[in-house]
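Working notes, beginning with the structure itself.
Should a chain be cited, it is by its letter among A, B and C, assigned in written order, with residues numbered from 1 in that chain.
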Amino acid sequence: MIQEPDDFLRAVEAALFVAEAPMTPVALKLHVGDAGDLDATLRVLADHYAGRGVNLVERGGRWHFQTAPDLAHILRREKDEQRKLSRAAMETLAIIAYHEPVSRAEIEAIRGVQVAKGTLDVLIEAGWVRPAGRREVPGRPLIYATSVEFLSHFGLSSRRDLPGLEDLRAAGLLDPVDLALEGLTGQSVVENDEEEA
Amino acid sequence: MIQEPDDFLRAVEAALFVAEAPMTPVALKLHVGDAGDLDATLRVLADHYAGRGVNLVERGGRWHFQTAPDLAHILRREKDEQRKLSRAAMETLAIIAYHEPVSRAEIEAIRGVQVAKGTLDVLIEAGWVRPAGRREVPGRPLIYATSVEFLSHFGLSSRRDLPGLEDLRAAGLLDPVDLALEGLTGQSVVENDEEEA
Amino acid sequence: MAEWQDYAPSSVSPAPPSQAPRPDMLTVSFDHWEGPLDLLLTLARNQKVDLREISILALTEQYLAFIDSARQLKLELAADYLVMAAWLAYLKSSLLLPRQEQPDPSPEELALRLQLRLQRLHAMRDAAARLMARDRIGRDVFPRRKPEGLRLVRKAQWKASLYGLIQAYGQIRARTQPVVHTIAVRPVMTLDEAIQRVASLVGAAIDWTRLEAFLPADLDQPKARSALASSFVAALELARQGRLDIQQDGIFEPIYLRAAAPGGTQG
């Protein structure tokens, strides 16, 4: 059954292994010569690799090795990491949620500090914020809005569920005294967490 | 006889196939998981590829696929021509490999000439030699050793595979001259006594 | 011992060792050797295949002859070649000395030491050649030229709570809202009012009376405190004017007032 691989087959195998791109039989012959039946050898090789982790496939007359399609997850292994949103990102998200759609300049105006480049990226990567077109004003800035994932992550059925300013005040969340106190206890009122966004 | 490759083996095969550098079993496990006996699988794979155009080899505890050496002539390309190492660099590399860790002064003692400025740099730049701390003697000289890249480049599973290492060791040719002299003069004194007697 | 392999990388070419070991056959260019030890090794290998059997005396003579011929050709010789020549000349004369006149260390030991050094250099040269002859990556064996690469994608699972969100918003608003200071109009009893009131009431009080008794009844809290403070200051002012006396038994004790006794101020 299993025949010892002959040198021609070994050469074809090696040539395809090192190739930078899929190879036509003509190109292969430049390397491996004419010492064997190339078409037959390619078929034997393709058969040999058929059930393995690496397959030899032909696409548009060019041959190449590729990993078996069902193993894609091995090659791109994702590892979940729980990460806490930085304060800058949290504030930016809050502003988008309350004021959407907003441009970056508007977010900065409300926050009173610049929005670092990575901050919006993080929110978009998290799936909570999406670009929502451009504002038809000079410069046509991108505007941002929250996503459906945002609502589901925070358990909101709509943005209207967000507590209004009056609710916030009643809850003491607008109390400057709290803010000052938080500053004193070192809970980062100062905007030095931009870079960790 | 031939057993159908199982998914774990296929995964290991695919991971090694796409890997950009030789992989340790630990790194492999990050991708292929723990669903099988990795060491045994690596050996099965190495056996499977042993006679083929592509081989699975272990170098310094790391595994990679490479083409069979006898096929070099069909695979070598003009631009693969490597920068030739100077004789000084080759000897210095050999001295480091067979004596490691070794200081510059010790290399010079063997070669009988100073190690030129660029010689060690070339070897370190090639990734074959690395500084390996300092010798705790007066002056605390830097000492050098070979790297895992050295092993993979020269096709060595481990330093024990260095050609002729055991012979050289047995012949005392890796001992410093002083040490060898001690042994020899001890003997020669006896011989002289016998002659005189 | 592994056989001594000829070491002849193409970049270096002293005269092939297989040729007759005549010193003048060596190309007289000192660029070929990496120092005197290298030259000595070349000479030694011309003499014997096994370096353990070479004659150091013969080697010394070859080296000296070689240096001499170079001198006759008026070649520039690096200092270390001459140093080695001098040392070998000394070694040669010591080796030829009668035994009892031998200096310490013995010339035999020096010769042996040189031999050991040559053996070691030769061994490493041999090892280097064998190392270079191995199947080297990129020359004899090839990895894939364009591997796709394994990716370990760290996917962040961002954590954030609704409370954190609205708290953040509250803090932005609190931080960025202009702070307005409103000074509330508080219910107070003015000093003038208090002086008038205390002055009129104290006239009616013959005996010591507590300060609080001079305050209007049923005042609410802020006004009551203001009235107390104003009345106290009013009492001080009236006392200064000599219109009433103040008495307090100690700190925080009740303060008593009465109309000023004619002619006396103490109380």
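Going forward, contacts are C-beta pairs under 8 Å (C-beta built on N, C-alpha and C of every residue); 3 or more make two chains touch, one makes a residue touch a chain.
The structure presented is a predicted model; accordingly, all values stated were derived computationally and were not measured.
K.L.:
Give the label of the chain whose average Cα location is farthest from that of chain B.
P.N.:
Of all chains, A has its centre farthest from that of chain B.
K.L.:
Which chain's mean C-alpha position is nearest the mean C-alpha position of the whole protein set?
P.N.:
C
K.L.:
Using mean CA coordinates as chain centres, what's the chain A-chain C distance in Å?
P.N.:
34
K.L.:
When the centre of a chain is set as the mean of its C-alpha atoms, what distance in Å lies between chain B and chain C?
P.N.:
32
K.L.:
Between chain A and chain B, what's the gap in Å when you average each chain's C-alpha atoms?
P.N.:
Chain centres of chain A and chain B, defined by C-alpha means, are spaced 39 Å apart.
K.L.:
Which residues of chain B are in contact with two or more other chains?
P.N.:
15, 17-18, 30-31, 65, 67-68, 75
K.L.:
Which chain C residues sit where two or more other chains touch them?
P.N.:
In chain C, the residues touching two or more other chains are 142-144, 148, 150, 152.
K.L.:
Residues of chain C touching chain B in their complex?
P.N.:
Spelled out, the residues of chain C in touch with chain B are 1-2, 9, 11-12, 34-38, 108-109, 112-113, 116-117, 119-121, 123-132, 134-144, 147-150, 152.
K.L.:
Which bits of chain C are touching chain A when the two form their complex?
P.N.:
Per the stated touch rule, the residues are 142-146, 148, 150-162, 164-177, 179.
K.L.:
Note which residues of chain B are touching chain C in the complex, please.
P.N.:
Contact set of chain B toward chain C: 15, 17-20, 23, 30-31, 55, 64-69, 72, 75-76, 80, 82, 84-88, 90-91, 93-95, 97-98, 110-113, 152-156, 162-164, 167-168, 171, 173-174, 177, 180-181, 184-185, 188.
K.L.:
Which of the residues in chain B come into contact with chain A in the complex?
P.N.:
Result: residues 1-2, 4-5, 9-15, 17-18, 30-32, 51-54, 65, 67-68, 70-71, 74-75 of chain B touch chain A.
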